[in-house]
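Here the chain labels run A, B, C, D and E in written order, and each chain numbers its own residues starting at 1.
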Amino acid sequence: MDKSTQTEIFFGPNHPGVPGNYGIIYEFEGDTVTSAKANAGHLHRGFEKLMEERLWIKNTALVPRICVEEPDINEMVYAMGFEAIGEIEVPRRADYIRSIILELARIQGHIFSIGGNAAGIGQYTVMHWGTLTRDYILDIFEEITGARVYHIYIRPGGVRQDIEDETFDKILDLMDELENERFPDLEKTLFENPNAQKRWQGKAVITKEEAVEMGATGPVLRANGVPHDLRKMMPYAAYDDVEFEVPTYENGDAWDRIKIARDDMLQSIKIIRQLIQNIPDGPVQTDLGNGLKYKIPKGDAYVKIESKRGEYGYYMVSDGGLKPYRVHVRGASTPLGLYGVREFLPGTRIADVPVWAKSLGICPPEFDR
Amino acid sequence: MRNEKELLELINVHLEPQAVEIKREQNVSVELAPKNLIQALSFLKSHSYQHLSTISCVDWLEEGAFELVYHLFSYDDYINISLKTRIKREPGIFQTAKEIWPVAEFYERDIHEFFGVEFKGNDNLEEMILENWQHLPPMRKDFDTREFVNDQYEWRDYNGQKHTD
Amino acid sequence: MNNNFVKGSWQEILDWAQNKSINMLHYCTGCGAIELPPTMTSRYDMSRFGIGPAATPRQADLLLVTGYLSTKTLRRLIYTYEQMQAPKFVVGFGSCTINGGMYWDSYNTIKQLDKYLPVEMYIAGCMPRPEAILDGLLKLKKMINNGEADGYQRYQDNLEFYHQNQEAVLGEVQRTQ
Amino acid sequence: MIDLIYKIGHFLLITVFATALGLLFMGIARKIIARIQKRYGPPVYQPYLDVLKLFGKDAITHGFIFDFGAVMALGGVIATLFFIPLGSWQLYSMEGTVLLVIYLLAVASLGMAMGTVGSGNPQASIGISRALTQMLGYELPFLVILFSLIFRYQTSSIWGLMQAQAGSFLNWNLFAYPMMALVAFVVLIGMMGKKPFDAMIAPSEIGSGPVVESGGKYLGMLLLQKSITIIIELALYVNLFLGGADNIFSFSFKMLIVWILATMFGSLFPRFRIEDGVKFFWKWPLGIAILQALYIII
Amino acid sequence: MLTKYIFVPAAAAFAAYILNKKNKKAGATITALVSAYLLLSLALIYGSWELNQSFNLSLMGYQLEFLMALTPLSWLFAVLTSAISLLIAVFSIDSQADFKFSSVFNLNFLLVIGSIMGVLFARDFLTLFIFWELMTWTSFYLISSGKKKMAGRAAYRYLILSAAAAYSFLMAVIFIFQQTGSFAFEPAAEFLLNNSAPQSILLLLAISLPFWVKAGIFPLHVWVKDAHGNAPKEFSPFLSGMLLKVGFYGLIVVFHQLSFFKIIENTIAYRGLPLLSYLFALLGAVTIITGTILAIRQEDMKKLIAYSSISQMGYIIIGIAIATPLGFSGSMLHLMNHLIFKSTIFLALAAVIYRTGTTKMYEVGGLIFRMPLTFAAYLTAIIALAGIPPTNGFISKWVIYQALIEKGYLFLALAAFFGSIASFMYVFKPLSTVFLGQLKPQHQEIKEVPLLMKIPMLILIGVIVLFGVFPGIQMNIISQISGDLGIETVNYSLYSIQGAFGAWNSLYIFNVFAAGFVIALLVFGLAKKSKLVGLLDTYSSGEYVTDAESYHYAYQYYRPFDRLFDNLAAKSLTGFYETLTANLLKSGESFRRIFAAGRVQNYALYSVLLFVILAAVGWII
């Protein structure tokens, strides 16, 4: 390649088009990317090291910060790892509550990312509305857990506290409002908008083979017709008790992934309604004794759950001590954000680079850690 | 669609495992000798274990070993396998799995950066997350982050009280 | 004397205009950035106070350091700060910028932002709620109006101090020519 | 001598008026967009504060071409402004033919393009390359419309075209040639760089395109340029399709209506990719404009 | 005496050739002196339109008459020729050193000037033909002496087209000669008027073919790009500025003096315009569009400007074809203005090439701080080319628009609008990629060109502005030409032109412009002073840029736009044309040898065949 025909662009970290503090350095010719590489690591805090330095219980405060878009999955997967190694049973009501929290988190994450995607193609109205809608869910979180973003609510052995019935009613009201008012608005402004279709259809295509080969899951795979959902395949929490569908599409492009986000939210609403209807009574927490002295036997476990962007896994090792021996985080977008940028971004038009980055749900803190 | 037991049989027959274990439902752990591991990966990949979740590394300082754990998943069996192998901590050299899963290049790069493990055949091992890191790879157990922080940064002074644990 | 008076009142007018119109650089340095969209959008809407986003450092007045700073980010943040045009203000956001916060023992994050950049004010919390952010920014506006937000002058006056600190953690630092 | 002073005073007055009005319109647009987005929005006078602040800030320059570009951009639009009849208020508008105005606007674009590319930032270059491409997209239907109007009314001066619509409001081209007015409205949105035709400044793709390096007074001047450009383009539309006006107040009011409609229209669409935008302009607006022109000349 | 305009350059040509062997600067100096002399003596005979000259020659029983006369039209073209060659000669004095065949260059250059003079003053077909061929051949040698390998092939294409056209010219002329017994224009015109219309039209078309080729009108524009792109950089301005225009001279002669328009006056018409004229105008429209689209795609600065020349020729032919007073004046204005600004552009680019040694735009960048005057020349010229007021380029386009709208020629106007708006795109490309942006590391040491190169550029800048303010100077001679040709004249004064729907008044425009810029300058000057920073200190998302080379956007500048025409371009450029030429060259190996030997009589026969093929090829391109 003649060097003088190439132009280098630093797409991030300080660029309105990138998702978070993350960079893509790409070279382009004319208007097409010819080579690209990820410039990651701006958010590295050494979580895995810090977790080795903290008590089991203290880490529940640390884990949500790994992925700020969807913090609850971290709490959940951490608790699952702890319970798997320690072979701890969780009360059924806690399972239900966990699922409710996770689904609420999924909705807020999806609506936020739809807003972000819309902003990437210049539809700011949807971004504003989406962020507003998300705030209603954060209000519910605040009522349940006392915090807007980092809840520290799901913890080993169950959840921190029970949810009142009135709160359940509020959740149900909110679900009605979302379904009847917010989503139709979204449908009209975004999903029925010919321009949005034009910007997303056929863009940022990742095929099924490519996705499987690099280990991308979630919407990337489901947009290729593979109904892969860990909630169905390896049910955790209360997901074996609810009925829902896994939405799939066939084209593997940005448009399909965004439609999956929308359909996922509708499924989540369905799940939440079922969970609230069927929630059993009982305790919400197994007694594990003094929190500062939590100990589990030596062992290891790879636990994973379905985040909105795909498989989210922790590999946790305990040496029988007061602190974890090793925790390794497998973020859902790790393969895309590091490997996928180099392999699949070239050939994309520069106008579609933000579409690429945003529709694939790249969340840098989960691979910077 | 195999269940866990059938899977373990398959592994026992073909892969010479050092130890196998059904951890819990849908989760299997297999320990292998380092020399068998790459072969085992390609064997399992051709038996529907196409999804490489990640590669984890654990630093067993006292035993003088790095444990590499390859997490595989099958879309047919819905079973998660953790393939484990232990390599010597010094010099910490292993084979790359890049030929089987190209994406492994980046997982290995990550492990190299944080543990200092070399992967033969992977020539893309430069710094990715850290920048100008001059010290021990930070995830090694003999790297003490608190000591490092005390040396490198200054604590804010709260009327003589230091910010501590 | 008369001249000084004119100059003084002109500066006051500019300060007043500055306090009414602040462009915030769109740079998500840490996880606190997740509370910025709610602050900027429909519910809390900081644009009603004249605070809006800016895409590039050239157009920005306010550098909001949203949370912990890894050393890798700090290097870019310093470069970005130097590309901004005076008057420019730095606001530390979240506990991690004050004393390291949650990541006090992390090997890769800095512990005190004000050693590296001249911070006008901190907004505490992990992370601060939108109300807290708005409150902080309103206080910043007041400071600007009173001419108290003089970080960029402090940076110029104590250039050596800042450069020393920066180089202590980063090694060589690339700067604007 | 008196005449000269009168003229200079008039120059300044018109410039200040158009700038003020343009900035006010920008403030109104922000408010409207905020309301559509369910926000309170900044105060209407926010753009004035922005300009004041920007002129008080330090700025950097990338050499004389960066300065020259900014001056040329602002100077170009101010010069254009003098050829536009604003209601009954006009300076050289009798002389100004509508084709001249179109090309005069290009002076400002060229100045801005030169200055911003002179900053050496490739993202600015991409923005400019997009802006020029888009210009080809929207100018073509617009020039065809002008062609038909000039041919229809046998005059090319804006004043004459405005006079031709005098009488009842049914004589307005908006009602006489509604399709043409619609096309011109779409073109107007493209001209003003509103969504969906704002690919040249797309922040998420190329920083903010042309203005990526402009700060301080340079951004201030570009803001002033933008505000005057808005007035010129709206005035052109009002003169050509809404029959102009007798006095400056009703004229401003008509401009405001068009501006509000354009703003609302813009806030509902995501942006086009640049060649999709050009394709759109050449497919619908140009097609309709040509049909209309054929109807008029035959 | 008109013959001196031919023989002085011819004699000087050989002097220049000999002296240049001694001193490399001598040839160009002599060219400059001769051009200056021609310019001066032409100025002295301004207005003496009765000047004429004739020789009689008896050959093989035929009584041959060579006629020469001065008309306003030929005076104008002669002045333009000598003026532009003066500027080019001055410009090229310093650049002769790195020129391989500088003696031959000057020899040919002077011969071209002389033969153009011959063409311009000829009043009979024979004189016209002799000098036309001389011009073709000498300019062929000039083009092929360019440094690039392609130059030979490009010149070859130029020659084939010209020769084939000349052949058809000759056939028609001989036919007329047989009927009238004279080669002179007047009897021919009379004969053609009285002859049956279809036959006259055919004959005149055949006669006009060489002029169409020279003017580079679609579909005969194939040679222009390569010839321009590969000709020596000093000759390009002349090629584009003058040689193309000689084609228009010929066309005007055919249309008006040989009464082509009179013949077709009563044929079927569209909106009052004979269909054939409309067809010519449509050819012009297609030329504009093709030239523009292809210009936008180019990565080579000379080729880009060459395509732009093609598209600007379209405007001129439209104006000439519709033949209204406004149209004719507009196209004559545009002809002059194009000569001026295109020469400026070529000279500025020649300066760049002289300093950097490359014609690829993406290989240079940021030259503005190293070559500010060259930049200023280029900028002024492109403002004129893009037709932005207050330069001369806008006036001529404005007049042409008026002419088109007056008659309601929608599609012609559409093409004119397209070419004009799109010209912003292609002229901005070299501005942005060559002069602005990041300076490449290997060009850090570049300096501005020497004084002798600056002077022509400065003069041209002055002329552009002068004619921008006082179009009346040009209109003065144009009105004499239109009077001579029997076209109504347009109302004008020194600084204003009356169009169909309103007047152009450059004084107002200048006033207003001054006011606007003064206000903007005041705003700029009153604000705080800004700080100068380097080009690499620029927004880069927080990363630190070290590599100026790759932080510069130049290659495929309008890629998204080009995508719209990818299909069209791919079909014509790569597919069809390449295979055809390949086959042609393969099968015609012997055929090429004939060319190399240069036996005119032999290839004349082949050229007819070839011409048909090439015309087909050209139509696709």
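Operating definition for what follows: a contact is a pair of C-beta atoms (placed from the backbone, for glycine too) under 8 Å apart; a residue touches a chain by one contact, two chains touch by 3 or more.
These are the chains along with the protein names UniProt gives them: A = Membrane bound protein complex subunit mbxL; B = Membrane bound protein complex subunit mbxK; D = Membrane bound protein complex subunit mbxM; E = NADH-quinone oxidoreductase subunit M.
Because the structure is a prediction, the values reported are computed rather than measured.
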item	value
Co-neighbours of chain D and chain C - touch as defined	A, E
Central chain of the complex, centres being mean CA coordinates	D
Between the pairs C-E and B-C, the one where more C-beta pairs touch	B-C
Separation of chain B from chain C, taking each centre as the mean of its C-alpha atoms, in whole Å	40
Intercentroid distance (Cα basis), chain C paired with chain A, Å	30
Inter-chain centre distance, chain A versus chain E - centres from mean C-alpha coordinates, in Å	64
Distance from the mean Cα position of chain E to that of chain D, given in whole angstrom	35
Multi-chain contact residues (two or more partners), chain B	130-131, 138, 143, 145-146
Chain D, residues touching no fewer than two other chains	37-39, 56-60, 122-123, 126, 203, 207-208, 212-213, 216, 273-274
Multi-partner residues of chain C (at least 2 other chains)	26-27, 41-42, 55-58, 72, 76, 80, 105-108
Complete list of chain pairs which touch one another	A-B, A-C, A-D, A-E, B-C, C-D, C-E, D-E
Sites on chain C touched by chain E in the complex	27, 56-58, 76-77, 79-80, 83, 174, 176-177
Residues of chain E that touch chain D when the two form their complex	271, 366, 368-369, 379, 383, 386-389, 394, 398, 401-402, 405, 408, 410, 413-414, 417-418, 421-422, 424-425, 428, 431-432, 436-438, 499-505, 508-509, 511-513, 515-521, 523-524, 527-528, 530-541, 551-554, 557-558, 560-561, 563-564
Contact footprint of chain E on chain D as seen in their complex	8, 11-12, 15, 55-63, 65, 67, 70-83, 91-92, 95, 97, 99-100, 103-104, 106-107, 109-110, 113-114, 117-123, 125-126, 128-130, 132-133, 135-136, 139-140, 143-144, 147, 150-151, 154-157, 160, 207, 212-213, 216-218, 220-221, 224, 273-275, 278-279, 290, 293-294, 297
Interfacial residue positions of chain C with respect to chain D in the complex	13-14, 17-18, 20-21, 26, 41-42, 45, 47-48, 50, 52, 55-59, 61, 84-87
Chain B partner contacts - residues on chain C that touch it in the complex	71-72, 75, 98-100, 104-108, 110-112, 115, 169-171
